[in-house]
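There are two complexes below, and they share chain A, which is joined by chain B in the first and by chain C in the second.
So, the complex of A and B:
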């Protein structure tokens, strides 16, 4: 049953109130400039973050709370599935690798996916894949087969990544929501652009690239494969024609490229906040929270790792708006 | 002056003189060995210092890269990406004999010759910063192995140098002086005996002359 855009009125008003609590760039910079890490934790506690000694756990708990909140207040919780399926694929990668290593995967499994962690673990361990979506089933079988033949974790992971995006595209199309469809398309484009530059730096072959680029983006896989052999200038010029020119203007500086991808992505997410009807503001809030947590991770891990405030601030300025 | 507890006889003197010759030859040989080992040790230490500085710089760069990669990805995603290594290394340990010290020699080769095959994760959910970190770490590995080799060699050589130094010192400051002193002591003792004998003989001779003189005087 399709939910009318006007049915989101209640959830929208709640989200609008919560949106104000999101950290903007200025507050994040202030946080980065805080001298003591304890003061950062204090500010986060004031902003409603759960308290925990381990910052990773704290950020994960906050993320889980956000997923739960948007699902609870949304008239159509299913609409968020497209954003959560990545957690299932993460868990599948962990389960496959752990099986080949002969170790216990529990500490690396994450909650927040569409399939409960224990359910996913038991269906994988007992090879009862029937409860999984068709795309996922096929991918798991293929990844297991590839891994056992080649002993190559990268090949297995690429199979699962492709399946994840295939499933995301399918789910996005089912929502018939142009914001969600556009978001998934943007993710595919940005991932493909980053992958192109990374593979060129690693001297990967065209055949390898063909099986690695994700289809269904606004730029075709064939176009990306053709760029595998071109010079850096030609590659930048070709990407420039697609509307992603400013992302690649710094060439093979991967830090800047990733930051610009992040900016582009975040700018798209923020568009959803301004909408007055439909699920977009809820989705934008959830994705903004994910971005905020990503930036908080940069600040906290940077501070703990001894990275200077200047570098952290530069990084924030370059990838958050 | 330290004199050994031996009988001051000619036989003992000969045996001590033989021991002194052997001790002096041993001392010279050990001193040469120590000097040569010191030369080799200093070369290794010099190389070790350069390697350590290089390894520390490279590791610092790799760690910085990891801090950034860690910030870009969640802990779970990072652990997942790196949990199954795709590159394996074969390490053969050989032994090289330097001045009778057995030093290790590491020979290694990557199982996967293709450098681009060392990344054990896909591209969609990982950061390019992680590639940088992996590359930086893979570049530091050969230097780390060479560093381990030189550090162990320096350690083994230092122990052997210390042992040799003790031996050289023992020969130089204990055994050789003791032998020399004892030899001098026995020589003096033997000479003293000789002089005693001579005096006794001269005294006997004087006594005998006196007796003859007295006998002649009585007859006359």
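So, the complex of A and C:
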């Protein structure tokens, strides 16, 4: 049965109350400027983060709580699957690499996917892929074959990324929600733009590029392949006409490109916060929390690694709004 | 015959009163229900906002009262309340039925619309509690049309002569 937009009344106002607790740029900068790491943990505890000695574990726990919360209060929890499937593919990449390198993958696996971590690990290890969706099964088999022949982790990653986006597009279209469909298209566009610039810097061939770009974005794969032959100026001009001009205005500076992609993505996410009646505010909250946790990882790991406050703050300013 | 009962003037007038009360009541129940869900979401995080949320929840309830008022006046005019039902012609019955339609239709639709606006008002106080008045005002704008429909129903009713 189709869920009416007004069925989101409860979850929408709960999320509006929770949105106030999200860290804005100013609060994150203050956190980055905090002298002692213990004070950072104290601020996070006050903001509702679970307490744990290991900050990675603490942030993962918070992310899991967020996924659980939005699914629990949503009248249509299935709608979030499109955003969670990425965790399964992340785990598969980790499992493949770990197997070939002969290392224990446990510390790198993340929960929050559609398949439980232990189940996914067991299916992969025993090569019993039947419980996985068809797209995922095919991708895992192909990635394993490719990796065993070429021993190139990048090739396996590309295969899994293509399958992930194929699954995300299918799931997004099934929701018939323009915000979700638009989000997935944006992820594909931004990934393809970054891939284009990276491959041009590495002088990759067009044939390689054709198999690497992800289809179903708002810019076609053929258009990206054509841009492999053009000069940097022509490439930037062509991207400029697509509405992503702002992202590529710094040329082939990959750090700035990455930061601007992040800003563009976050601006899209925040649009959902202003919407009423429907799943958009919940999705926007969940994705905003993911972004917040991503920035907190940078702050905490930076502080523990002795990175200066100035450098951390610069990174925050460049990629968070 | 059954159609004689349907075209009975008193039956048509009572049907009108029923529609005025019923339709606007359903609209208000839906409107109050939508705001109630939104209010529950806010209260689950901030119980101290109960008073503010309750004000917003009450707003779409007025259409039900307007419908009841029109229904009550109609029943009084045709003598149902006193127990002496007036003899009404079929035409008079249809006139009473027609006079119920403004508040029945507008009351139903405006209560739901007002419920949605008030639910968004809950979103306003969730983020900025000091802005409750603005949430109330946005919701009150919808009320205007329910009041106009109430007025239309009462004016039409006053124009129907009953012997």
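Everything that follows uses one rule, which is that the second predicted complex is superposed on the first by the 317 of 321 C-alpha atoms of A that agree within 3 Å, B and C clash if a C-alpha of one lies under 4 Å from a C-alpha of the other, contacts with A are read in each partner's own complex, and residues count from 1 in each chain.
Keep in mind that, in the parts below, a residue touches a chain if its C-beta (ideal position, glycine included) is under 8 Å from a C-beta of that chain, and two chains touch if they have at least 3 such contacts.
None of the values given here were measured: they were computed from a predicted structure.
Once both complexes are superposed on chain A, the partners chain B and chain C fit side by side without clashing. When both complexes are overlaid on chain A, the residue A:139 reaches neither chain B nor chain C. In the superposition on chain A, A:199 makes contact with chain B only, while chain C stays out of contact range.
Which of chain B and chain C touches more residues of chain A: that partner is B.
Once both structures are fitted onto chain A, a short way to say it is that chain B and chain C open up an angle of 160° at chain A, using Cα centres and rounding to the nearest 10.
Of the two partner chains placed by superposition, only chain B is touched by A:154; chain C is not.
In the superposition on chain A, no contact is made by A:209 with either chain B or chain C. Once the two complexes are overlaid on the shared chain, A:276 sits against chain C while remaining clear of chain B. Superposition on chain A leaves chain B and chain C with their closest Cα atoms 30 Å from each other.
The residues of chain B lying in touch with chain A in their complex are 63-64, 67-68, 70-72, 74-77, 79-80, 83-84, 86, 115-117, 119-125, 127-129, 131-132. By the touch criterion stated above, chain C contacts chain A in their complex at residues 34-35, 37-42, 44-46, 116, 119-120, 122-123, 126-127. Per the touch definition, chain A reaches chain C in the complex via residues 6-7, 9-20, 73, 276-277. Within the complex formed with chain B, the chain A residues making contact are 56, 59-60, 86, 89-90, 93-94, 97-98, 100-101, 108-110, 152-154, 157-158, 160-161, 164-165, 191, 194-195, 197-199, 201-204, 212, 214, 254-255, 257-258, 294, 297-298, 301-302, 305-307, 315.
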